[in-house]
């Protein structure tokens, strides 16, 4: 009877808390060792050199920050405008070919940046701001389309019917009913797109020419070419601040999404478009056509030579390019890509799923402390998206020799770095799925004698397995196309396909060029095949297919 | 005493969902927690199960404090309102789940599953997918699943409210028989008096987080402790009277209530406590609602502005505006305890 | 029993998958093996395997190659890791970055016995910490066919490039992001002096010069003489580039303007703090040896530093070694580089 409040809560929470802490160790440990520590070390080195304050005060820094934010903002708006009609198409329309659209829209997201940069360069030979903004948007239309359509397809269409019955025009009903309901998904995807655009590198370098510079390209320049670590540290701090701001916006949007409207299954909500909806369908298809333009151009390049059509580029994939451009054959690079992406995906799934389990458990634990811890960890997991690959890469050089086995130049760094890139994506996909498991099912299992670990194994895992596999497949595809971090860490004797493409393009000779485009085509084919499989697999149950980003 | 709950309080932030609850359930007894929605009854059940942390108080089983015992070691079975069958397992695997968790040898599972399915009247349903079951079947499977590991206490959280009326009645009767036959100790949470009275030996009426009254079913029904409980138990009208020698004299006539002590008394009237009769107090019918077994009336009393609810036989052809005479039926009259001024 | 078997099969399948599909099944190079020396170099490194094998047979030293980006990135990584170097010997630091590496103490003193066979001529350092391996001169290249077709004389000198006759015809790389771009900028500094180069670039800009971030775009996308068939017939590239553009008639389609060349010397050296100094020295000797030097032109498009090494056929006509390239003192580069790049950016990008 004399149980104190404190005594009760500790006796109840301790075993559970300890279990959670044990689960949190691998993901947090991974992030600390392979992300936080290297980044902190290189930034600290910059501070050690002095002059960070001066660099932060430099008007150039703020000019760069302003340009980065403005151009990323513009790209985000373009991606949203282009993504919404596609989202409508994916979510609401029953027409032949919609499944194909769902697959196609993802292809740009995984193309190597060099290739996209060059494709846009071919369309705008002088580069400039417009192609720069468009190219960054090009990559990210998929993020908007798939995230927003995920929510849209489950919105109850009867709310719109109600608004129409009350006399609202279709457009008015969309604006006053649908759009606000989609708000959280739109804001959340916008935050992610903004992050991707603000930290985009290859595209800015190629299309911005020598003229347009962002924080990311400047950090690269100062770190890699000028060894101006204090300048780079200053810029990194500014970039970090911008990224955290975007993450906070995204987190707030997601918080709102939790009290989302009543959801329906997609099969209840799709139908043939009618009336003005055909305009939206047409807009969506036009966006897809535009997205396909650079891709088709690229495929055409892969078979055209100065002497007409030829599959020489594809045939050359069996070799090392002319003048030994590559140290391995194109097929070796492809196999290296597949294996590296496999390792990265495995690693990212272990870290990402464990982290998601901890986040979900924290969310289900009452109390402000648990909630705060959950939100902090959630944000920390997203940070790798917002820090330069070059900062991490140079950080590895000065820290990892302290670990056994001196990983600084190890080929294992490549899957590690790729994992770092895809972990945030996997967490974003796995988290809502795990969260969607009815807590009462889990409680039913507990009352039947299943301990906490057993509940995960018997209930959550089987129920979410398909979605987890789909998330892994998606992570795999992103790892396949990952270029920034990979190009920085991959050893030339073991390049991945995107790195090989970049190498081939940077060498003279027609064959190398063609082989590069052929390798690109190969990458796209693998991507499309993987995405088709994922969508088939994830869609069977129909409920928790890959959700948000 | 098997289960004993003392001073149990659950807070959600500043809001107290359950305050100082005290309950006892004896071996083989079925106790119903009866209360309107939002009264805290489900919270109390979840707290006993171990799914809700207590702010203060104790839950004991045979005298042992369960504070440090997690849900999965309490050996309590739980049936939810909507079954919560595992969608990725078939009927047999759902039922065998608890057996597996308790390390019962695999060889024994099939026989036990068969016996349980027979018990709940679903013989031969082993390989069915749970998504193919009707609501009533799903609830039966949920019950079988909860019973499989032979829990020392079965907790039923509104087990029948998700079902339609006819099915609900039938299942309530089946369930009552099953609980009695198998001598299962159970705690039932419901907002439905019929369900509580069909299934339980004793009821505890909960309102606003507090247990208002607890006792044998018949006693609570006949003698609600205050107006709130009375209203919840179907009383629609209150009338004051003067008792003397087992008869209470009221404005609506006299009624024989042998247990009531002499003096002023307030009576709670359920609709069937006021019947249309050839003689009695006169009034004018203002509304008529046809029910399956009787006709519900609202009657405005002569010389009085108040109305009472009353019943008439189905055969009575009454319309608003008709004049009727009313008498009290002791079966629908519940005397309230005297308020000590 | 059955269950255990199933678990075993599942575990086996996963293991097989991992071994088949992942890097954990890939033994790779093991730089820790006793006779292996790690050579840190830039991404352009190419050497015939048979030559490396031959060296391994003669010396018992296996060279593990570790490529680390372009010359600038290579230098900076060596500087960052000087306390615990990532290899034993480095090759590919060029004259532009040599002074940074030397100031930071990345290399230790070593005079190769092979050095007086020619490499000595290009020495960057009186203390003999770096040995010259090859020369990679950066020159303006022109598309000869374009000028023949248009009936315009090809430009010859720096001054010609600013001539209105060649308006909107030239493309160059940014010195901030490209190694040949930086070399060309240094060439103009050498030609026009620290005071005069900005005026020259202003003229180039006024004459329609286009700047891009990398050599790839400049040469393969903008230059009309390459396979990319871009629009511009004048590009900043290497003296050796025409050797890759020989037509079916055996004649080069492009030409390097030998009066616009800037000399970039690529060096090798023994990394200070390396674990196998003796063997690292042997590798430096190898890089300067006849055996290796004959391969550099054909594989890396650079000119051997050693005297009397034959160039591949066709080079005499297509890509002769520039005789009077511009050069700049290492100390001067170290002092001025960052400032010049900043000024260039203001001038061209502002």
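We call the chains A, B and C, going by the order they appear; numbering starts again at 1 in every chain.
Convention: a contact is a pair of C-beta atoms (placed from the backbone, for glycine too) under 8 Å apart; a residue touches a chain by one contact, two chains touch by 3 or more.
Worth saying up front: this structure is predicted, and the values here are computed from it rather than measured.
Set against the C-alpha centre of chain B, every other chain centre is closer than that of C.
The most central chain, judged by C-alpha centres against the centre of all protein C-alpha atoms, is A.
With centres set at the average Cα position, the gap from chain A to chain B is 53 Å.
Look at where the CA atoms of chain A average out and do the same for chain C: the two points lie 34 Å apart. Taking each chain's centre as the mean of its C-alpha atoms, chain B lies 86 Å from chain C. The set of chain B residues touching two or more other chains is empty. Against chain C, the residues of chain A that register as touching in their complex are 45, 118, 121-122, 125-127, 205-206, 208-211, 213, 221, 223-228, 306, 323-324, 327, 338-340, 342-343, 346, 394, 397-398, 401, 408-409, 411-412, 414-415, 488, 491-494, 503, 505-506, 508-510, 513. Interface of chain A with chain B (complex): residues 1, 3, 5, 8-9, 11-12, 15, 366, 438, 440-441, 443-452, 454, 458-459, 462-463. The touching residues of chain C, when paired with chain A in their complex, are 18, 21-26, 28-29, 31, 38, 43, 45-46, 65-67, 69, 72-73, 75-77, 79-81, 84, 86-87, 100, 173-174, 176-177, 210-217, 219-222, 226-231, 241, 244-245, 299, 338, 341, 345, 348-349.
Note for the complex: chain B touches chain A at residues 6-7, 49, 51, 53-58, 67-68, 70-78, 80, 84, 86-88, 97-98, 101-102, 145-146, 148-149, 151, 155.
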